[in-house]
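The same subunit A turns up in both complexes below, where it pairs with subunit B and then with subunit C.
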Partner chain A sequence: MAPSSVSEDERYRTSTQYRLWSFTPASLLELRTTTNRSAANRVRDAVRRVREARAASSGNTSEADGGNESRAVSAVPEGEVDCLSVEEELKLVTHFCRQTLQLGDHLQVPTDVKATAVQYIKRFYITNSCMTYDPKTLLKTALFFATKTENHYFRLTKFAEAITATKPEEILASEFLLTQGLRFTFDVRHPFRALEGAVMELQAMANGHIPVGDKLRGMDRRVKEAHGKAREYLKTSALLTDVYFHYTPSQIMMASLLIADRQLISLYLSSKLPPGSGSANAAISAKLMEALDRCAAMLQSMEPGKEQSSEEKKELSALAKKLRKCRNPEKIDLVSLQRAKREGDGEDEKVVKKRKLERERSAKEGEDVFGPTIPK
Partner chain B sequence: MANSPLLVPGSTDNLKATTSKSISKSKLSSAPPSSKGATPEASTKASNAHAPVQDMAEQMNEEEKHKYVKADFEILYCPGKKLGEGTYANVYLGHLVTSPSTLVAIKKIKIQAAYTEGLAPDAIRELKHLQELSHPNIISLLSVFSSKDQNLNLVLEYLPLGDLEMLIKDTEGVRYGAADIKAWMGMLGRGVWWCHENFVLHRDIKPNNLLIAADGEVKLADFGLARSFSDPYRIMTSNVITRWYRPPELLFGAKHYSGAVDIWSVGLVFAELIIRTPYIAGDTEVHQISLICQAIGTPSEDVWPGVSKLPEYTVPEPATPVRGKDHYLATFGTAGHEGVDVLMGMLVLDPRKRITAREILEHSWWSSDPKPTKNEDLPRKGGGGAKIGEDLKRRPGVLEDERGAKVARKLDFGGMK
Partner chain C sequence: MYRNGPKSAPDPSSNPLDDICPVCKSNRYLNPSLQFLINPECYHKMCSTCVDRIFTSGPSSCPVPHCGRTLRKKGFRKAFFTDLHVEREVDIRKRVSEVFNRRQDEFETLLDWNNYLEEVEALVFDLVEGSAADKARAEEKLKEYRDAYREEIEGNKRVGKEEVEGERRRERAERDGARARRLAVAREAEEEKADVEKGKRDLLERLANSDGDASAITRQAQKVILKKSSARRNITEEASESNGSANSGLTIRGLKKRVTPVEEKPYDPFGGVDLTPARYTVQESYDNEWLGNAKKDMRHMAGGYSLQEYYARTMFEAFSGLGVFIEEEVADRGQKSDPLVATAAAAEASKGEINLGHKMELDDVF
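== the complex of A and B ==
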């Protein structure tokens, strides 16, 4: 009856983060490229349709009918549509992930809510394009949804109020799209707890509570410093780069520690894989360091706390401008689109009313037949 | 980091062999292959020619949807296959398109007009956790897709043989013994162990959330109140777990707690299986505490250091000393000495001293006589598909205090001490 031993790795491989959200760099690029191309085609098609509709209706100049349509029409650019490239989309998504972190700071939500929201955005834009769904809107939805999945409840109205020029329905309008883009998997495995665990163990080694020879003795100050620095990498670089798609949480954690204090972490790792005891350890150790170094390099491509240079800012505002000109005109008013979807396919009023009556009746019966609540 | 992972990827390329092909793989990998080779990019390429095409995310959803057939689509051929209807969800019997004999339950979650905060927390919790947990003693979520009107459909494994509550209550029709109880407890213990091993608290363990598969396997269901373990500095709500199965720390308003809360519930399921009536069935929270004091003993600083600091700590006077083994043997003796040891371990007042799921599974009770009954020999109740419909359509996570407990209170006086 003793539980079969299941290693941490075997457990991780059952997670959706591994099964659905882990990619090789090549397969990730391939997916993003496919998404980008198909979205660009659809933008061109949609623009063509809107132009045709406009040409057809230009005879009768009654602009009064349908706010939605006139808005869509006004958003259609002139001339050939210049769509975003994969690289450009990626830059924009990263930029809006940064903004999500700032918005999270503004709303004072915990780190894991921010981190989950950013991963939701990154996952969503693997199979969806910025040209179809505006990241500026989607990021609010992702952050709100993350408050729900990470058990940090925030009332929608309060949430919307705290963000300038945002209505509750705007946040909810893309919630379904978000969950679909996430393939209905909401669990994100972060490296934060792994870091706390490793640091606790390192402290115990430094204080001699875990005997590992003298090498780590008295290094508690360095452990503390490494902890702080590694945490900064996890809170920014790990979220904004693609490391979550390519490495496990423990690898990301270890790579961030390695950046923070290479010597300290090398000692730590060699206490786990003593080089003397057989050649297997040496091979594992080499493999491990190789993976960690690659992960660390990816993390360091986006240093924490580094301000965007003026060129980067210029580039981003140019990209934002470009995006405005290649938005899919049929997907701009998500609030109306979503309402149409729910109402169009859903039940007519009668059914809704009948159901409401049924609900009320069953609630009432629950009260009446068995009497009122006994006071506590 | 006690056991740091030693699996080291050779290179990023084989680190995670998830390719764009396997992204369309669902958990139902053992099922007959469906939508063969319909990788996202393949279908995109194929449909690029015809505008308007769908988002890739939408295409993937379509693929999942078309793997399953809802019985109500075929109502002419198999009438009465709607398993249940409720305000929270409808449940349909369905099957794999490619394999009509592979039955599934399709739980269609309705959009709730009354809830204005978007997708409701209970649906989110159920989805979030069932997506991650795959274990023989936890109900399998095979797939999720959305229908045109944006209703979510959860494809769950079909569990036709009702639940443990039905077996417990049917004292006339179902007879079972110590070996059967041991088998059911083993399955429950393994399911709970897997939740805790994956840092998930179930928070609503009770007999009618333990469903029975066609082969007799018991499966933990209804994850509408589940959550991941909290960080030490983050608080959790104490208003979880149906009252009769709620541990003393939650009744005292603890905001920080562990898997021990589920273990208490497991203990009460064990007790109920033996005596065939709920063991500690209070009418209110205060009543529940006083019944716990009588049945188990009064929580005090002596037996549970720190308990008096919990926000809602109040116990009736005079205090009852913690019951000894003789007391348990008198009521639960049919479980045997070791069985009673396990039960007492589950019902320890101080959650820090309560037995853990792993310790339960490592206990010598399992290797002592009688051996657990084999699944195929377990007593069962007929009754077909109505029960899973009833169970699945309930709002996950809504405690039945408002209705169920009241019903029982009115109708089941005889069963209470």
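== the complex of A and C ==
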């Protein structure tokens, strides 16, 4: 095989983050809208079903129903269901991402784990709605799952103990759900190590170990300051905004450095993409700067140090109250749902059996000379 | 069968002429010690008495009518085969194969080797069955070949000799090994027997001399004997194991000669893909306050941790994807697959089953 060169960009394009979890703002919004709409419809359907069931049961017998049913029934509010809008859902998700970070601080897990957990939540709620699955329980699962994927062992019982009013089963109940929502892609590319690399190189340039003009000479202190500031942005703003969906880790890192010290990074980038050498380079560098500026603006929309204002807090608590009223009543008790699923009750059994039969039949037909019949 | 053992007398019933000397007409019936000799010059059979009589006084012509070849006594020998045609052919073959002693591994292809064998066989046929002209031509060819390739013929002869020599040595070694093993086993058995005897004697003595419990002493003695014999067994097992490993190379026969293997290139996990970065070059070392300790710390270095790996990885991540503009690239493929699949998944999410594209059918968890 002839040696072929594979650039860094090509290698990034092989990642699942690029292939499955990169969107344009428009397509992301479209996805979220669709998710929201279908979830709202389903909530209304579910509420109607539960109400009918309650009417039937109260007509026939007194209220002597089993646990699951009565709990679901009690959660159903009166009147027309007022569902969340896309923006409201997004605000709630961001809020719960923030909470995940706080929970991570409380449990003293490394930044990588927190960041991965937050990205899991964000990815999960692109195709799932808050109204279907409660973010409050899912964030624990996400954090616990991130400890596993980021190789930071945390005992489940200890994990559950450290969080108030949480049982291990509760965390595990939605684990498969989460992985399914992530489409079984657990790799999240973070910009943290990238920042270390860039700063390392900048420092080497400032100390004269890498020969580049004299402009970067002696900027040692500025590099350090920029490093600290950029890190803050990456730890919070980058996680809470949608930059991971729209930009590559390298770009996010450069944008955060750009916020920290514009002059320094402009010099750095121009040394990487020298403007004099050909028009292609110039075009790319112009395009890159534009993208970085947009990314930086996105990052700055959520300043790292800033606390939520009291207005925002009030709005959020109102949203939480609203969410409680428009939860999908069939999906509230995930623990018992999971248990039921595992044990397989009557109806499920039928479905499972049917599916098994189908599988067997298709396997048998697969051995046929002309293959199985084509499904209609 | 033509072949008879040199000692066994030929069967007189097969051919009565076999027992009569064609020169002096003496009969084996009258002279049981009659012995026939031939000379490879003309392969005419005569009895040893005739040979002594005619050729003792020096070279003379063959007494068989119309032969007339000059023979010497020294050339006479006993025929190995009763059929003298076979005897002659074997002699010719021996002579030819001394000259045409190429080996198969000297040829590049099997076809070449077979062609060579064919040629040799044709030559032998000419010598054995051909007319006088054929024979002369073949002899000429044989001589030419011998002169042309003298050195190579000599070399091959040496190699053949060595092989025979090696085979003989190996056989001898095997025989010796087998004998040694047999002896060892016999000695083993003898020693064991002696030990048991000695144990019994000891036991009797102890029973006679000490005033302890008789049954206890017996039991103990039994145990000692058992222990000894089991220990010996262990020793012999170990020895035989080591023997086996040493001899194992000798017992396998017919192994193909090993060709020195061609040196393999180091395995390239990337199949020749060039991963040299375009946007940066990794330096020998970087100043990094976090890594200051790791550079000197034994505990980091002892495990084989390489800072170069870290440098390469961080630098790669810093620039991997810098030139990937998602907004453009994803917009192109957006219509094609992903968001559609994703929306489908979302739409199905709370229905009970998730249908991701057409490839994968997932059960909704709940």
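Here is the rule we go by: the second predicted complex is superposed on the first by the 335 of 376 C-alpha atoms of A that agree within 3 Å, B and C clash if a C-alpha of one lies under 4 Å from a C-alpha of the other, contacts with A are read in each partner's own complex, and residues count from 1 in each chain.
Following the convention adopted for this analysis, a contact is a pair of C-beta atoms (placed from the backbone, for glycine too) under 8 Å apart; a residue touches a chain by one contact, two chains touch by 3 or more.
All values derive from a computational prediction rather than experimental measurement.
Annotation for the three-chain superposition on subunit A: subunit B and subunit C clash. Look at A:172: by the touch rule set out above, it reaches subunit B but stays clear of subunit C. In the superposition on chain A, contact of A:20 is made with both subunit B and subunit C. In the superposition on chain A, no contact is made by A:105 with either subunit B or subunit C.
Looking at the shared chain after the overlay, A:82 reaches neither subunit B nor subunit C.
For subunit A, the partner with contacts to more residues, out of subunit B and subunit C, is B.
Contacts of A:186 after superposition: subunit B is touched, whereas subunit C is not reached. In the overlay built on the shared chain, the residue A:334 is in contact with subunit C alone; subunit B does not reach it. In the superposition on chain A, A:155 contacts subunit B only, with no contact to subunit C. Using the contact criterion defined above for the overlaid structures, shared-chain residue A:5 touches subunit C, although it does not reach subunit B.
Legend: residue contacts after superposition of the two complexes on their common chain; A:52 is shown touching neither subunit B nor subunit C. With chain A used to align the two structures, subunit C clashes with subunit B at 332-340, while the other stretches in 134-142, 278-286 or 332-340 stay clear.
Shared interface residues of subunit A, touching subunit B in one complex and subunit C in the other, are 1-3, 6-9, 11-12, 18-20, 22-25, 27, 30-31, 34-35, 38-39, 42, 46, 127-128, 132, 176-177, 180, 183, 193-194, 197-198, 200-201, 246-248, 250, 272, 284, 287-288, 291, 330, 338, 341. By the touch criterion given at the top, residues 1-13, 15-20, 22-23, 25, 27, 40-41, 44, 48, 51-53, 55-58, 60-61, 87, 111, 113, 116-119, 121, 124, 127-129, 131-134, 144, 146-150, 152, 186, 190, 193, 197-198, 227-228, 230-231, 234, 236, 283-286, 358, 361-363, 366-367, 402-403, 406-407, 409-410 of subunit B touch subunit A in their complex. Residue ranges of subunit A in contact with subunit B, taken from their complex: 1-3, 6-9, 11-12, 14-16, 18-27, 30-31, 34-35, 38-39, 41-42, 45-46, 110, 112, 124, 127-128, 132, 144-145, 148-149, 151, 153, 155-156, 168, 171-172, 175-177, 179-181, 183-187, 193-194, 197-198, 200-201, 246-248, 250, 272, 284, 287-288, 290-291, 294, 330, 338, 341-342, 344-346, 352, 355-356, 358-359, 362, 366, 370-371, 373-374, 376. Residues 271-280, 283, 286-288, 290, 311, 313-327, 329-331, 334, 338-339, 342-343, 345-347, 349-351, 354, 356, 362, 365-366 of subunit C are the ones that touch subunit A when the two sit in their complex.
Within the complex formed with subunit C, the residues of subunit A that make contact are 1-9, 11-13, 18-20, 22-25, 27, 30-31, 34-35, 38-39, 42, 46, 126-128, 132, 174, 176-177, 180, 183, 189, 191, 193-198, 200-201, 203-204, 207, 209-210, 245-251, 253-254, 272, 284, 287-288, 291, 328, 330-331, 334, 337-338, 341.
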